[in-house]
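Quick one: the structure is below, questions incoming.
Chain lettering (A, B, C and D) follows the sequence in which the chains are written, and residue indices restart at 1 in each chain.
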């Protein structure tokens, strides 16, 4: 009964936080606590409905086969000589969107709760919650959209909210710059997406997902293969920006300037996966174009590796997490590119839990250390902050891919999918990235939470509003993957593209990924935890000469690793980083700068002197006359030839 | 024999229009610019009255049009002078080059 | 000739009577109770608007085409009266502090009358007189704060440049009359279609483009706009930005689409190029502005460029797009400028930096400003998005480059609109005292915001109305 | 159409007077002289209107322009420039650019208007004698709407001129 209601009123889920936004802005702004209650309450109720709806979808087998779609006419547009354009606004519920609906609202609820503790005492407390609510509403709207225009609107709103939230600490120049950068980069990408949508509308006459998927299945009736390829590439540009794929990932690490709950909400679990979700939603389009699939796969794989190499050298806790997000998003794209919606959405699902967990954990650390972010200056936090540490460790195990934690199952699924589609190079890239991921994550964990305690730090455990979400999410990070074990894969029966895929259990790949993850963790352990005496050892080595060094050849390996680390990985990462900040950033900033410069240049004409204006007016008259004489079909000959 | 045709009037009108325009573009005194605008409007009147005679001699359209143009022009001069007086009280100047507080 | 039926002029006569009544009452009533004149004007205009609504569907010609009564004209008249009423409602407090209420309100009403005459004008003479009635009333309004040097300077610039542009427009009209022997737009169009294109006709069109380009502030005929907008009293700027511009678009459509369809190949490309230049210039120069009124002036130039796009195809769809956009633009403009008016009334400043922390001082003002600007930037789901969509939809075939320019520049415009939003929402106010809004101002702001949101989310009904109005355009 | 030698002489004489006086309006260094030449231009133009069989317009031209407008302008000048009149009407800095633009505008008009076959459009009828009664009747019938609008326009201009040119003390009194 209630499930039925939730299924057919799924639009309530985005509407509730949107209402909360309005209520906070217009009514409860002067009372921070009340605003927080409104925001958290509305999101919790939305989550309740979302859960019911998801339950309804997953238990009802017909919705797995055929999505539940209902819509109302938004506007229609009739033009002479063109077919009527009808734009609907509606809800499309299928396992994918139901999963997202539940995941987004669930994680948002706990991040909202966490924010109460984290933002305590901030002067913009109410405003922050209003932005958060609007953000949640837009993201949920995006998730349930039944057509691409509606999705694009929500997509734009999500971008706007992220801009507001990243720049929330507007007194910091870096925050303002980061917000601007995020906005500009995403707008550049959105432009590509918009062109793609326009082309889809023009070619196929609809933006409804279900209609599009039917029409694109036999696209030959409407357009050429080349045009379809172009459309697919244009549509993909949007996700490149939103999901931080190379080369438009530059905004994502900078966006960590926002308050940490924002980072967790936007840049880990929800917003950045919008791009992945969009590609997943339009997979029927990409599926028709093998080269576009190739592009998605290669972009994803490259981004995964690229971001992981950068993450190794970073020092700030949130920056490491940011690059790891970029890398994990690359995995999801890779999975889509090899055609496995199942694996991609599975990784999206597990990643949401453990990445939100780790961001909130990082927030808890920053909260305790008064925003000291360098992992080299931390250490030994496990004594004073047990809950944060152990939940963070669970997150670390999950992202590294240690069974039975959630990340293992989904990463394994991606690797198996890559392998079974015959992409051996991409498989190698993915596997190596898995190793790197384990390494840099555990480097961070060992440095920050274990080892010697730094005397100048006075950490303390965070309040319950912050630790409860940590514990809940840790449970998720542990168990969220169990729905999709290779032995009994319920997940693949719900979420798939085309037909559910049941391959044999690939023990080889499984073993390889466990070994790689363990190796990464072990390496990190050797370098950063065990090696606390490294300096003393080096002094001894100098005293006793080469023989001693031979005896302690263990250090040779370390040195080799270190050399490898510094000279090669670090060097490459450094190079990538430079490329990043100079070339890619340069282009993005250059566009903005050009607009401003030309504005400055053009205003010189506005001299304030009236007769100057009159002069320009008549220059305009002359210009129009010349234009008229040469653009009109008959005027030029009339004027030049002369008809008397 | 050189007959006077419509073209003569059109050319005369164009020349008068341009003389007025020249004054508008180059005179410093606001009053001078105002009267040069009147010259431009008068050029239009020549056109209108000439067309009235040559094209629609019995309908008087052009003549009536030019009466309205004269009316509006007179009204404009009145308001323009009032503004010039007001600005003179403010800045003690009618030099148009001085009035560039509003710019960019 | 058909007998002249004075009842067809009911609206114009009522507005004229209202203007005269306000003027005379201003002489009679004592100083202390003159603020009632604002209410009289407001309710008078609302009442006349009610009469106008009852005339919907009455399509006819007066005096063999000299005066056209159709839904097209009626739609514009309602738009003008609506904007005049909203401007009056939003600025009463401001006018009370400025003085001269009777003259001020009656000038606004007479300017509205001029616009209404323009909307119905079927011949050049009526068109010219309507235009001049509006212009002269505006000139007086622009320098109404005559004790302030900037206001009078703006008036000076406006009257001299407007005089010059009317001379240019008239020159073009006179040539058109000379070529066709008629001043009635519909006859002119019939005769032109029969004749070959002559160079003088091309010259006439050039002059018309320039003269009307001045009124709608299309680049490069826009130079007066920023200066006059900045110097004029803010409510006047707001009325100038929407009323004057909308009325000029009304006659621009009549002259070019109804009057010159025979030679449309000659002017469509020019109009497209003008639209592109206007969009680019307005948006780029708006970026470095620091004065809110000036920023809005440049943004309104850019908006004129967007509206001009509707003229390019010279079809019913284009006319519809123009009317739709002009209507919603009224509300965005009223919202933004009423905020600016009242802000100036309270703080005496128009500088952007003084808007810092406005969201803390008056959440409603900041919200309305934000909604208005986002609508102008064309961000969904606000009205401006739908309007731009209708406009650009008409030119996707054949003028794709213009669509690209429009889209790119819309993105650029987001940059400076959001700069205002940032200042209002992020920065700390220098003086945190809350601004208390009097109820008329609050009502104006709320109406502007709600309409902008509603049209954006549910454009269906307005779109239907505009369809009907645009349909009657070709009936004569 | 028949053109007598008198019409030709009258046209060229009047045209030269108009253009010459207009040029002097622009080039005079004293603003009062400018206004006087303006009056001369207007009167010569009235003569031109007579050759075009527009006697009523000619009368209006003399009365409104040469009479009212010029006197009004002179009054205006007297209000703002009481002292030295010698160099009151100089050129500004954009003399040569302005001249260039005007030259181009002249060329534009010459090319476009000059190349048009105006002669073909001439109607073969004569203007009726005594235009006043026709114009009067038309103004009150066919052109009644512009006529009424013009009346309001004059009212608006009148009020505006009073509001704008009124002295500050009076304004301050009214504006409390």
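Observations on the model:
What we mean here is this: a residue touches a chain if its C-beta (ideal position, glycine included) is under 8 Å from a C-beta of that chain, and two chains touch if they have at least 3 such contacts.
Note that the coordinates shown come from a computational prediction; the quantities given were computed from them, not determined experimentally.
Of all chains shown, C has the CA centroid lying nearest to the centroid of every protein CA atom.
Subunit C and subunit D have centres, each the mean of its CA atoms, that are 30 Å apart. Centre-to-centre spacing of subunit A and subunit C amounts to 43 Å, using the average Cα coordinate of each chain. Distance from the subunit B centre to the subunit C centre is 26 Å, each centre being the mean of its Cα atoms. Centroids built from CA atoms put subunit D at 70 Å from subunit A.
Shared interface positions of subunit D, i.e. residues touching 2 or more other chains, are given as 92, 94, 98, 101, 105, 108-109, 111-113, 115, 117-118, 121, 123, 143, 146, 150, 153, 156-157, 160, 164, 168. Shown for subunit B are the residues in touch with two or more other chains, namely 6, 10, 17, 20-21, 24-26, 33-34, 50, 55-56, 64, 68, 72, 75-76, 79, 83-84, 86, 96-97, 99, 101-104. Multi-chain contact residues of subunit A, defined as those touching 2 or more other chains: 603, 606, 608, 610-612, 614-615, 618-619, 621, 625, 638-639, 643. If touching chains are joined by edges, the resulting network of the protein chains shown connects every chain directly with every other. Within the complex formed with subunit D, the subunit C residues making contact are 1, 4, 9, 16, 19, 23, 31, 62-63, 66-67, 98-100, 103, 106-107, 110, 113-114, 117, 125-126, 128-130, 132-133, 136-137, 139-140, 143-144, 146-147, 155, 175, 178-179, 181, 198-203, 206.
Taken in their complex, subunit A has these residues touching subunit C: 25-26, 29, 73-77, 79-80, 85, 127, 152-153, 156, 160, 163-164, 167, 170, 176, 183, 187, 191, 194, 198, 202, 592, 595-596, 598-600, 602-603, 605-606, 608, 610, 612-614, 616-617, 619-621, 623-625, 627-629, 631-635, 638-639, 643. Interface of subunit B with subunit A (complex): residues 21, 24-26, 33, 96-97, 99-104.
Considering their complex, residues 611-612, 615, 618-619, 621-622, 625, 638-639, 642-644 of subunit A touch subunit D. Contact residues on subunit D toward subunit C in their complex (touch as defined above): 108-109, 111-113, 115-118, 121, 123, 141-146, 149-150, 152-153, 156-157, 159-160, 163-164, 168, 171, 174-176.
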